[in-house]
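Listed after this line are the structures, all set down as structure tokens.
Two complexes come next, and they have one chain in common, chain A, joined by chain B in the first and chain C in the second.
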Partner chain A sequence: MNIFNTMEISASGLTAQRQRLNVIAENLANAQVTRTPQGGPYLRKNVILETQPAEDFSSLVESPAKVAVTDVVETREGLIQEYDPTHPDANEEGVVTWPNVNPVTEMVSLVLASRAFDANVAAFRAGRAMALKALEIGR
Partner chain B sequence: MSGNLFSDSTLHLLEKSLSWRSRGQEIIAGNLANLETPYYTRKEVDFQGVLKDHLQGRPDIKLVATHSQHLPGSGLENGLVRETQDPLDLDQEMVNLSLNQMGYQASVTMLTKKLDQLRTVIEGDRG
Partner chain C sequence: MQVNAPGNTEIMESPITSLPSPRSASQGENVFRQILADVNAQQNQADTQVHRSLLGEGDLHEAMLALEQANLSLRLLVQVRNKLVQAYEELSRMPM
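Here is the complex of A and B:
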């Protein structure tokens, strides 16, 4: 059924962006964490978004696509090394490793995710308005 | 309005137009959902093109069914949805969303008017 299909597609976008917001919030909250259960500093997480078929025979180019978070990956790139022998988590050479979370980058991602969420809400509203309008046919 | 009231071509066209617009809404919703998906390219609905083909009476191209249990396909016109190789643009998508929605509402309004006319004809001056 078309009408519910479009709402499901928009809902998939909402879910994906919300998960992304969760990960960004986690990154920001842990921006200064040097101790984790796995040992070492907190590592920045990133979501991987992937298209999902919205209907059967999705190999057809013409079908619309949903979206989903398929993976949350950690990256070790850009860990900050700082010389601070007084810090309890400093290594033998007195170097502390800080998380690779850049608050500016995270805030930009946050705004992007929030805007994408809004766009999906708008699409959902449009779909709902169309469905309601269709109910008026022949009234 | 010619001949049979119920085989009116305008009613038929409006009905088709609603199907196309619904499909368009799905495609635009899919584009917006995949706004941040890497390597996703914009899908486009060619409403004008399909409408033109329909009005010029070009026959629908259908899948050949050589067996009674073959699937008929989506039942929608070919060429309605195009895969562009362009990246997504949020503003453009939002404009398309509004246009599509207004087109849908216009079609529904016209359809309602058409049905009102029919009702007037059927009921005469009893109303």
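Here is the complex of A and C:
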């Protein structure tokens, strides 16, 4: 049924934003982590969203592309170096490397993810309202 | 008209997997049976999704979306049934 197509697209958007929120929460929780199992400080993670590839042309026409998180990438850019010889994780020169997580950026991403989730819910509600109105035609 | 409150999914505790086929059914009846089976399948799916999200396996929104889809399907079913009953009443009122 065609009306459920809209809902499935919205559902994929909701799932993608949930995963984005998970990654942002992880970044915020690990903002001061200087040791990780793979060594070194925590590296900021970022989600890569991608439209789900259609199997063939007819499916591309019939069902518009859904969104999905394809990858979660780590960036080494912007690691903060701080001179603190008393810190246990300081190197030979007494420099501690802190994670490249900027709480302000993460909060902005958080708001964006939250608003995108809301937008998907709004799209879903619009689809549902249209379906209900369509059912009212026969009444 | 609240035909399917989200809490009412436990009504479908015994999932009807296949409906018995009638002896020589009319086309309208067949269509109705098809819709009935679809709606039933959707109710069962919503039920599974709710269970999954309550067990912490699935996402909350997926359960809600499945419930909404089941709700809409049921409303469509009720509308189709109303139309069938309406047609029957129209015929039964027909003077012979």
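We take it that the second predicted complex is superposed on the first by the 129 of 139 C-alpha atoms of A that agree within 3 Å, B and C clash if a C-alpha of one lies under 4 Å from a C-alpha of the other, contacts with A are read in each partner's own complex, and residues count from 1 in each chain.
Simple rule for what comes next: contacts are C-beta pairs under 8 Å (C-beta built on N, C-alpha and C of every residue); 3 or more make two chains touch, one makes a residue touch a chain.
Computed from a predicted model, the values in this text were never measured in an experiment.
Colleague: Overlaying the two complexes on chain A, which is it for chain B and chain C: clash or fit?
Modeller: Chain B/chain C on chain A - fit side by side.
Colleague: May I ask you to decide whether A:Asn30 touches chain B, chain C, both, or neither, giving the answer as first, second, both or neither?
Modeller: Neither chain B nor chain C is touched by A:Asn30.
Colleague: Kindly classify A:Ala65 by the partners it touches after superposition: chain B alone (first), chain C alone (second), both, or neither?
Modeller: first
Colleague: Contacts for A:Arg115 in the overlay, against chain B (first) and chain C (second): which applies, first, second, both or neither?
Modeller: A:Arg115 sits against chain B, while chain C stays out of touch.
Colleague: For A:Arg18, select first, second, both or neither according to whether it touches chain B, chain C, the two together, or no partner.
Modeller: Second partner only, chain C.
Colleague: Answer with first, second, both or neither: which of chain B and chain C does A:Arg128 touch in the superposed model?
Modeller: second
Colleague: Is A:Asn46 touching the first partner chain B, the second partner chain C, both, or neither of them?
Modeller: neither
Colleague: Based on the superposed arrangement, let me know which partner A:Thr105 touches: chain B (first), chain C (second), both, or neither?
Modeller: In the superposition, A:Thr105 contacts neither chain B nor chain C.
Colleague: Classify the contacts of A:Thr97 with the two partner chains as first (chain B alone), second (chain C alone), both, or neither.
Modeller: A:Thr97 contacts neither chain B nor chain C.
Colleague: Please determine whether it is chain B or chain C that touches the greater number of chain A residues.
Modeller: The partner making contact with more of chain A's residues is B.
Colleague: Does the superposition put A:Ser10 against chain B (first), chain C (second), both, or neither?
Modeller: Both: A:Ser10 reaches chain B and chain C.
Colleague: Rounded to a whole Å, what is the shortest Cα gap between chain B and chain C in the overlaid structures?
Modeller: Closest C-alpha pair between chain B and chain C: 8 Å.
Colleague: Under the contact rule defined above, give the chain A residues that sit at the interface with chain B and also at the interface with chain C.
Modeller: In chain A, residues 3, 7, 10, 124, 138-139 are touched by chain B and also by chain C.
Colleague: What does chain A use to touch chain C in their complex?
Modeller: The contact residues of chain A facing chain C are 1, 3-4, 7, 10-11, 14-15, 18, 121, 124, 128, 131-132, 135, 138-139.
Colleague: Which positions of chain B touch chain A when the two form their complex?
Modeller: 18-19, 21-23, 25-30, 32-38, 40, 43, 74, 76, 80-81, 83, 90, 93-94, 97-98, 100-101, 104-105, 108, 111-112, 115
Colleague: In their shared complex, at which residues does chain A touch chain B?
Modeller: 2-3, 5-7, 9-10, 12-13, 16-17, 20, 49-51, 54, 60-67, 112-113, 115-116, 119-120, 122-124, 126-127, 129-130, 133-134, 136-139
Colleague: Could you pull out which chain C residues touch chain A in their complex?
Modeller: Chain C reaches chain A through residues 59, 61-62, 65, 68-69, 72-73, 75-76, 79, 82-83.
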